[in-house]
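Dropping the structures in below, format is structure tokens.
You will see two complexes here that share subunit A, one where it goes with subunit B and one where it goes with subunit C.
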Partner chain A sequence: MDELFQALAQGLLIGSTYGLLALGMGLIYSVSGIVNFSHGDFVSLGMYLCFALFSALALDPYVSLAVTLPAMLIIGAVVCRYLIAPVAEAHSLMVVQLTLGISLALQNLILMVFGGQPHRVPSVVEAKLVMIGNVVMRMPHVVAFVASLALATALFIVLRSTDVGRAIRAVHQNARAAALMGIDVGRVKIGTFAVGIGLLAIAGALLAPGTPIMPSMGLRYTVITLLALVLGGMTNFLGIMVAGVIIGVSEAMGMIYLSDTLGMILPYAVFVLIVLFRPEGILGQSRG
Partner chain B sequence: MNPELFRTLRSPYLWIGLVAVALLPLALPNYYLHIATLTLVYIALASSWNIVGGIAGQLSLAHSLFVGTGGMLASALLLKMGVNMWAGMAIAAAVSAALGAAIAWLDFRFRLGHLTFALITLAFAEMAEIVVIGWEFLGGASGLFLPKDTGQFTQFQFGGVQGSFWIMLTLAVIAIGVNLVVLNAPLGYYLRSIRDNENAAQAIGVGLLGNKIKAMVISAVLTSIIGTAYARYLTFADPYLLASPVLTIEIVLFATVGGLGRAFGPALGALLLVPLGEVLRGKLGGVLPGLHYFIYGATVIAVIMLSPRGLLPVLQSWFTGKSAKPANSAPAKSH
Partner chain C sequence: MLHIEGVDAVYGPVTALSGVNMRIGKGELVGLLGANNAGKSSVMNVLSGIVPAAKGRVLFEGEDITRLPPKRRVELGIVQVPEGRMVFPQMSVRENLLLGGVNASAKPKRAQEIERVCELFPRLKERLAQPAGTLSGGEQQMLAIGRGLVAGARLLMLDEPSLGLSPLFVKYIFEIIDRLHKDGLTILLVEQNLNLTLRFANRCYVLERGEIVVEGTADQVRDDPRTRSAYLGL
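After this line comes the complex of A and B, so read on.
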């Protein structure tokens, strides 16, 4: 029984961060209809920025957010304004290839700058453990869980009850009508892209302590994000968070109960099953 | 025979070029011949992918599944069960065909749409890599070493660098040839109509499921056979190369750089980028690992920004002095 609770707890903690990753992508998708295949490489960029600040100034990853968050917001805005927006206007189907190109370029830029060997970004809380009953949780995971939930809640509130959020939802529902109401659609798209990438700076800092980082890990994060995004129903933000947790829990269950390979496949198997039986996503409305 | 296909086949430049390429092994030193062979591998792979990704407009990211099946399964059958590699190649191709048909069926059954199709095929590819690396029969993480190539044709051995070059050339020519035939056959017109507007295609009586399955199966079988030959050429079936989704991404980017949906487009992309990447890797790989991938990525970004239909139309307009006709081109936009 302890094993089960242990797996559930670990999956819940990690899964909430996956949810946060996918929330960034879902935000971008719902406003611009863009699926960013370089998402995971921006996660690794966030983590490598933490690593650089740690090696240079011995900053804790949580502290280095003060630098990495603005940096990633700016990078996100620049990438969207100068690379993605011009292509998305004219050739919407080419955006997939474009973001694949960005993924390959970014991953190998990181490889050239930092080298291929795994690095670690330690944090002061890294070794601390939290015990609830017999369930042991690592402190960085608890921090990540709390921060992810807080951020997701903040995002919901912003979307629901601020003018910025209303503008974003308006563009999501009908970009042309939103433009007629005086919303600068281009700016909203660039803004949400920047926020989506900025969220990755936070997710990167949350994931960094205790996780060895490698340039090649980006693709895996992209795939996990895509799993959560599709499971959650692409634009249903609550669904995306829940889907992230489902992926996290099935990953943890697989690690504990099954062999290595089967365990790693379990999240994908769960994903394929759910998508086949509920193609509209776990919380989506049935198409009838 | 379709007149356009006939005109392409009758072009003297095509045959002169082909003969010149076929004579390369007599002139090139081994290192450059290796690069030329690799280029042919990627020309063949990108051209095979083009049938699904370019002509039919289905952005499949699952093609590493077929390369992996061709390379790893045929090698495993030879080493673990003593199956002749020609038979192994055929078995792997049949398995790839079945996998491809299943993916096409899923796409049709659940009307996935372009983006979801790309996402789900990427998830399949990632899953396949985990399976290959975790399954001892397919070599696991350490891969499979094939016996030394002694040039016995009946054992799927082609005698080192030169023989492999000719095999790869044959496969590349077949892949491009299949593209030409498909483009000029009814299937090609059906696939392009599906690519440009699925609902309209269905409304005028183009069957979605059958045509999508045909495209995917043709592409999967070609890709799988190339995968087997590639593993044989490397004498080492490396799961981190053959079954990795990165391989698919490379292929997609080559095809995009050259020009999607055209018979010679993907070949052009691979022809330009692979030698560049390999030479750079040879010269600077020790100092700057990943530089060639960075350049592939940067090139595709630049090409999409500047000439989204790829480089082939640009080249054509240089040679003919007028802009290329858009009949075979990729869709300019779709909303």
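After this line comes the complex of A and C, so read on.
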């Protein structure tokens, strides 16, 4: 029984951060219709930026955010404005191709600069444990859970009840009508892309402590993100968050109850099962 | 108030407008008539800045706005109520109205303007919390017009407001348009409904294949044989 609670807790904690990753992609998708296949590589980039700051200045990854967050926001805006926007009007497969290209470029850039061997980004809280009953939780996971939940809540509130949020939803529902209301559609698209990538700087810092980082790990995060996105219903932000947790829990269950290798398959099996029975995503039809 | 001088508009190889000249005086209700694909919506989209003018220029209160982005034009008070209403279906009526007033010049007066729209359209007031997608076609048209008013329209451009509405709603919408006009609003009305437009408009233009073929008062336009041929495509 303890094992079950352990798996649930671990899955919930890590899954919330998966949800955050997917929320970034969902935000970009809902406004621009872009599925960003380099999403996970931007997570790597965020983590390697943390690593660089740790190596050079011995900064804790949480402190590094003061640098990596603005940096990733700017990178996101530049990538959207100068790479994605010029291609976005063409066939949608062109954008897929482009983001796949960005993924390879980022991976190899990281490989070139940091080498292929795994690195670690330690944090002061890394070794701390939190005990609730017999369930042991690692402090970085708890931090990640609280921060992801807080960010997701903030994002919901902004989207629901501010003019910026309404403008974002308006562009999603009818870009032409939004332009006729005086909303600068291009700027909204660049802005949401930048925020989507900026969220990855935060996710990167949250995931970094205790996780060995490698240049090739981006793909794994991209796949997890896509699973959560599809499972949640593409533009249903609450659904995406819940889906992230489902992926996290099934991953943890697989690791604890099955062998390591077999356990890694469990999230995909769960995904396939859910999508078979609820192709529209777990929380009903996709809605803005 | 508005002058269109020798404007061309092209979509790729297709010429949508060629050499269009129009003027709209302050407080006028001007009708823009023509068959499908005559270029009526193109005129509006050039005025809104959604479609660039390939040639010619557009003056608004003496200022050349030909190259201004759509956002700046809305801020000046050039507001289009698009064909097919284009309300934001998953947002509430209130949110749609709020979005009407997100532009910088409308925002300070947004709350009062929404009040005013609710007085103009009591049906919208009853449905403020309802998703706009669940409204009837006529109610959506009210919302689209209301949203345009909240946007601070000084030149309100209505694209086919009667399209797809029941006769009762058509009558109601035209009464509203007439009332707004009598309150002093400048209106450009694009319509296929010839008779209703001629009844309410001060002046009309008739477009045929991207060119203005008839212009004048309602009587002049009604009696001009070219109006009929423009409509029937003869």
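The definition used in the following text is that the second predicted complex is superposed on the first by the 285 of 288 C-alpha atoms of A that agree within 3 Å, B and C clash if a C-alpha of one lies under 4 Å from a C-alpha of the other, contacts with A are read in each partner's own complex, and residues count from 1 in each chain.
To be clear about the criterion, a contact is a pair of C-beta atoms (placed from the backbone, for glycine too) under 8 Å apart; a residue touches a chain by one contact, two chains touch by 3 or more.
What you are looking at is a predicted structure, and each value in this text was computed from that prediction instead of being measured.
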(message) Under the stated touch criterion, which partner chain does A:D260 make contact with: subunit B (first), subunit C (second), both, or neither?
(response) first
(message) Tell me which partner touches more residues of subunit A in the superposed arrangement, subunit B or subunit C.
(response) B
(message) On the A-aligned overlay, A:R169 touches which partner chain: subunit B = first, subunit C = second, or both, or neither?
(response) second
(request) Name the contact category of A:P70: first (subunit B only), second (subunit C only), both, or neither. (result) neither
(message) One more residue to check, A:D184. First (subunit B), second (subunit C), both or neither?
(response) second
(message) Need the overlap of the two footprints on subunit A, from subunit B and from subunit C, as residue ranges.
(response) none
(message) Which residues of subunit B touch subunit A once you look at their complex with the stated criterion?
(response) 57, 59, 106, 110, 114-116, 118-120, 122-123, 126-127, 130-131, 133-135, 245-246, 249-250, 252-253, 256, 288-291, 293-294, 296-301, 304-305, 308, 331-335
(request) Write out the stretch or stretches of subunit A touching subunit C in their complex. (result) 163, 166-167, 169-170, 173-174, 176-184, 287-288
(message) Touching residues of subunit A toward subunit B in the complex: what are they?
(response) 35, 37, 83, 86-87, 90-94, 96-98, 100-109, 111-112, 115-116, 215, 219-220, 222-223, 226-227, 229-230, 259-262, 264-265, 268-269, 271-272, 275-276, 279
(request) Flag every residue of subunit C that touches subunit A in the complex, lowest number first. (result) 48, 50, 69-71, 73-75, 79-80, 82, 86-91, 95, 98-100, 102-104, 106-107, 147, 151
